[in-house]
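So the structure is just underneath, and the comments pick up after that.
Which chain is which? They are A, B, C, D, E and F, in the order written, and residues in each are numbered from 1.
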Amino acid sequence: MPGRQLRIDEYRIEQEPYYLPTGDELAIADAAYHDGSPLLLKGPTGCGKTRFMQYLAWRLQRPLVTVSCHDDLSTSDLVGRYLIRAGEAVWTDGPLTMAVRAGAICYLDEIVEARKDTTVVIHPLADDRRQLPIEKRGELLTAPAEFMLAVSYNPGYQSVLKDLKASTRQRFIALSFDYPDPEREMEIVCREGRLGMEIAKPLVKLAAMTRGLKDSGLAEGASTRLLIQTGKLIGRGIPIKTACRAAISEALTDDRELLAAMDEMISSLF
Amino acid sequence: MPGRQLRIDEYRIEQEPYYLPTGDELAIADAAYHDGSPLLLKGPTGCGKTRFMQYLAWRLQRPLVTVSCHDDLSTSDLVGRYLIRAGEAVWTDGPLTMAVRAGAICYLDEIVEARKDTTVVIHPLADDRRQLPIEKRGELLTAPAEFMLAVSYNPGYQSVLKDLKASTRQRFIALSFDYPDPEREMEIVCREGRLGMEIAKPLVKLAAMTRGLKDSGLAEGASTRLLIQTGKLIGRGIPIKTACRAAISEALTDDRELLAAMDEMISSLF
Amino acid sequence: MPGRQLRIDEYRIEQEPYYLPTGDELAIADAAYHDGSPLLLKGPTGCGKTRFMQYLAWRLQRPLVTVSCHDDLSTSDLVGRYLIRAGEAVWTDGPLTMAVRAGAICYLDEIVEARKDTTVVIHPLADDRRQLPIEKRGELLTAPAEFMLAVSYNPGYQSVLKDLKASTRQRFIALSFDYPDPEREMEIVCREGRLGMEIAKPLVKLAAMTRGLKDSGLAEGASTRLLIQTGKLIGRGIPIKTACRAAISEALTDDRELLAAMDEMISSLF
Amino acid sequence: MPGRQLRIDEYRIEQEPYYLPTGDELAIADAAYHDGSPLLLKGPTGCGKTRFMQYLAWRLQRPLVTVSCHDDLSTSDLVGRYLIRAGEAVWTDGPLTMAVRAGAICYLDEIVEARKDTTVVIHPLADDRRQLPIEKRGELLTAPAEFMLAVSYNPGYQSVLKDLKASTRQRFIALSFDYPDPEREMEIVCREGRLGMEIAKPLVKLAAMTRGLKDSGLAEGASTRLLIQTGKLIGRGIPIKTACRAAISEALTDDRELLAAMDEMISSLF
Amino acid sequence: MPGRQLRIDEYRIEQEPYYLPTGDELAIADAAYHDGSPLLLKGPTGCGKTRFMQYLAWRLQRPLVTVSCHDDLSTSDLVGRYLIRAGEAVWTDGPLTMAVRAGAICYLDEIVEARKDTTVVIHPLADDRRQLPIEKRGELLTAPAEFMLAVSYNPGYQSVLKDLKASTRQRFIALSFDYPDPEREMEIVCREGRLGMEIAKPLVKLAAMTRGLKDSGLAEGASTRLLIQTGKLIGRGIPIKTACRAAISEALTDDRELLAAMDEMISSLF
Amino acid sequence: MPGRQLRIDEYRIEQEPYYLPTGDELAIADAAYHDGSPLLLKGPTGCGKTRFMQYLAWRLQRPLVTVSCHDDLSTSDLVGRYLIRAGEAVWTDGPLTMAVRAGAICYLDEIVEARKDTTVVIHPLADDRRQLPIEKRGELLTAPAEFMLAVSYNPGYQSVLKDLKASTRQRFIALSFDYPDPEREMEIVCREGRLGMEIAKPLVKLAAMTRGLKDSGLAEGASTRLLIQTGKLIGRGIPIKTACRAAISEALTDDRELLAAMDEMISSLF
């Protein structure tokens, strides 16, 4: 069906995304891909998991179908459902089924946010059966060699209620991500934030300082993404301190004391 | 499709809304708009966040699609759904999808009230992908440069249950709003409440006094909006004290002691 | 569409309802109506809030659309939904939309009982935008000047779970209602209960006595409505004490001790 | 429409039901009916509330539409819904609407078991408006004089979670029912259970003894209905003690100690 | 309608089921059937309640419609629903309605597992009205004399949350079931498990021993059904101890200590 | 219907799956199959339960229909539902019904995760009736001799909330699975992980060490499946320690201390 082909082509990544590797994550992901093993990405907000998946998809020349998971994502949202067309119930593939059929990479972002049924529906896809049972159609889909399953989550959020079950975890090759080291982070901020080194350097230092505020009650420190957004504001003529407050402090917290602490950090750096 | 164009035009703001800037919020919002970054507005009830969005939309000459968030707002309410037309399931865009297609500003008011799925559906729109996956159609919509996403919330309501996740917050340029300073508030009350200075001044004083009652158990003090409504009642011939009770005290609380305290404040001023 | 016009006409109040004003509530309501401000009615069960709205609607010559709120009232119940007609999804206005289009008064009785989404859907109608976004149609309805929004609630029921949010309250002109003073209550009971003064007087006294039982565990004292129903039973030949027990005591409580206390009150009066 | 007429006729009670009055309940119910006031029946399980309603309906020559309330009874179940017929959504009256249109008696059994929305939908029917708003049709139905609303509940079950709200209770004329006195109960058991006095007398005594076990943990004592069922078993040749155990003890409890206590009671009587 | 007749015939029990009576349960059930009274079967898992119903149905020559109750069994599942056929909503009887129309026996297994609405829908069927109101059709079905209602439950599971309401219990003739005495149990195990007395005897002893483990934390002891299954495994050549472990110990618990205790019991007997 | 036949053929296992028996599990399963008794598989994640079912299905030459259970799996998902086709509601078998009709093996994986209704719907299939009542069709399906029901669960997850009810458990022949002994595990890892003995041996040792970490807070130790995945990574050229970290440590936990402990284990072995 040409229409469907067109659809999946929307998910192809044409241009090489900018990605700075930090270890052997690409070699492991390649091996997992060729073994037909699924991938589990762990790490904090905005540290580059999504960008890694984009780069991997570009490198493997596979379309990338990303699904942001949440409490209300049902199995039907993933697998598909019947829709009425001209008085007929016509089956419509969900993003997961579409990815399996097309031999694409299906990336379930923040998988622990999903309902249990969403987590369980990937079980037979994530072991050596590599099958997707579409119960509503009585169809049993076997994934082609090109299909890859990847999921991500943020261990910092982990709670008793929202944890991956052992029977789910034990199906994945796991990659642990973290913020890049200062050298790499500066390189990224300069490039993506369109900044010179003289501003990127103290910005990266500020990020590290906010990451140290975790014990003072800050949920998470500034991600690399926030530094990039700060850089862009500065590039538009917003004064540095104002940009830091809007893109970093106020984006991170509403707590007056934490905001004051960050104001002091900003003043000490710029 | 001309019908759809007509629809979005209903959301255009033709006349310049009255807005008194209090800082660099317009410069930051302009920069965010041109960088394609999303906006987070923080601040108490009735302090002017909605009016700011109206002014910004008028200034940028973009339609403004506002969605008041609540517990039962589903992803389908935002993104769209299939409806049966002449025996066919016809896709109908939700307000968010409509805004993305039209390059409008989509403003999600009180975002923390929304269900988690509503919050997560905006993730790929709120980072540098600027994409809206419409899972039910298998469509991946890329936002045009004119599209802007903005959300608001009231940090005063913040609770453990209803807080923005770090992975959501860290996508936004954040602007903090507060009640205007007395000079500005008087100017606004005179203009919008059609009052003279001699009444606007004690009204603004009364508002400040009620805002001081927070420690005595009042959830929030009188907003600028309440002062305007009081002014209008007075303009219709309602005695000042009666107007203050109906539009301020009784609108703020049912607590007998707090009502008595406000009665005393009113008597001391008028 | 003539059919729709007919419908709204069912909601017109043709005859002047009997209403005894107790203060400046009519003047304030008139002013709010002409300013386009919404109305919040506060007060105990059966004290005349509904009758006041009927009188106001008659006085302003506007149809009155009343919706009794409850836990399961959805936004669609208020705003409208698509129904299948001849294979087409045809939009059907809900009572709120019908009221907005017709420039009627929409009265949401016991608003705190409603789900949060019902409360939030009225926000843009209740501030100076006076707009009703019909998200399922992508339609933005602007209320005509004749439209008025009114809501009621009983502060005596107020609990942490069921309270109006500050951001909702601060949109309304608030009117506080209470039981009428003895003189007025006697006048009402005579007229509506078709009784003479010699029975109305001790009945009103009995009501006051039951209202004093609140500290002994009675949720609410006898309302004026109960006195009227007692009067009607007496008019049908039911003995006074039997009528008081059936229409007042047993209607108020199942508690044996409270029933005994009220039996004593009744015996002391008749 | 003749079909609908036929339907409501199924609800007519052709033969005079057997009912032994215990006080002035019939006079009060008659008065309430002629005043258009709704009726609230209170009392324990199986004490004759349903039979009273059947007798009242026969006496007033009105059809009796009974609805057993429960947690999942929705407003639509009561008021009606649209059903697809030949591709059209055709409105189908629920039992309450059917009763209002036909001027029947609508009896909501165990009203406190219903969801809040079911309780609230009867509010405008239960005060002097006597109206049923059918929100889904935008129709406002005014009840004819012949219509009567009646509800029942068992105060013994009363809990904080399942209690009638004051704003609901204060609309009803309330009748309190209890088990009949021994003389009347014997008369009923003889007649309905097809027994002679020599067995009916100790059976009624046994019932009284079980009603005294409430303090020992028995939820409710034996109702008159259970005595009648025991009588019928005896009439079929089941030995008296066996019949008492099957129709009374085992029907009342699973608790071994309570069962033993009742065995002793039975042995002492037969 | 011949199709429907065919359906109910599937529920007829053609061959006499094997059933060993343990008391006067058949006489009581016969009497209840002829009086039109409903039946309540109480007793532990696998003690023969279902078999008793099969035998009773065969004896009375009535079809037996069994419904296993559970949390999600809705009233519609029992009573029926509208289904779309050729663009029409066609009513389809549920199993309860089918049984009422056909004068069959309807057996609701583990009734306490059902939602409250399922329990309440049988109230008018379970008293002398013997009526089934089909609210969605506005139909009031009167059961023919041949119809019988029976429900079962396991008092051992009884909890505050899942108990029959007094108003439900007091409608039934109750029969208490327990495991058969050793002689009868041996006879059953020999016959159904195709075993000789030399193995059946210690098996019945083992069952009794496991039933004594209730105080050590075992939810329920081995039922007669488990003994039969053990016998069948033995007949297939599985060693006795292995069969006892697979069909008794492991089927009863996962607790290591309880499993060890049962291993010792098995070793002491075989 | 040829289409349906085709469907079930997708579930046939053509090639002999690799399975190393560890005891008499095959003899018991064979006996249960020929007796028409259902099977309960107990054991930890990844110990071979699914593989055993595949092997059994291949051996018995029956199709294997596997359903991964979860919180939201409804009875309709298992049994089937009506779908609209050309304006008609056409019945579509669910996987359980399909398996019953085809005389296949239906394997409900992690049955305790399912909702209660899913558990109860298999009751009549799991005792000597071997019937599946399809309530929505009023159809009573009797399973052919070739049909087998099997369920699995992990006793390590057992909690009060998610336990099999005694009335469910007591219908099954139960098989307890555990990790294979070291010799067998090495054989499996060599074969499936494509490794030599010199690496397989310390890997199996590592697995045993992680299984000893349960008391230190690790939910489950490394399964045989994880060892196979580690082997495959090594075969792709990933360094042994890196492969162990990605496929074992990071897949098992996010806890820093446990990760460090496993790093030490890995370093001590390779």
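Brief remarks follow.
Basically, a residue touches a chain if its C-beta (ideal position, glycine included) is under 8 Å from a C-beta of that chain, and two chains touch if they have at least 3 such contacts.
Remember, predicted model here, so these are calculated numbers, not experimental data.
For the copy pair chain B and chain C, the superposing rotation over Cα atoms measures out at 60 degrees to the nearest 5. When every chain is reduced to the mean of its CA atoms, the largest separation from chain C belongs to F. Of all chains, D has its CA centroid at the greatest distance from the CA centroid of chain A. Put simply, the C-alpha centre of chain C and that of chain E have 51 angstrom between them. Centroids of chain E and chain F (each the mean of its C-alpha atoms) stand 30 Å apart.
Between chain C and chain F, the centres computed from C-alpha atoms are 59 Å apart.
Shown for chain E are the residues that touch two or more other chains, namely 84, 87. In terms of inter-chain touching, the protein chains here make up one closed cycle, each touching precisely two others. Listed in ring order from chain E, with chain F immediately after it, the chains are E, F, A, B, C, D. The residues of chain A lying in touch with chain B in their complex are 4, 7, 10-11, 45-46, 50, 66-73, 77, 81, 83-87, 92-95, 98, 109-110, 113, 154, 157, 219-220, 222-223, 225-226, 229, 232-233, 236-238, 242-243, 246-247, 250-252, 254.
Residues of chain C touching chain B in their complex: 24, 27-28, 30-32, 34-35, 37, 40, 42, 74-75, 82, 84, 87-89, 115-117, 119-121, 123-124, 127, 129, 133, 135-136, 138-140, 155, 158, 165-167, 169-176.
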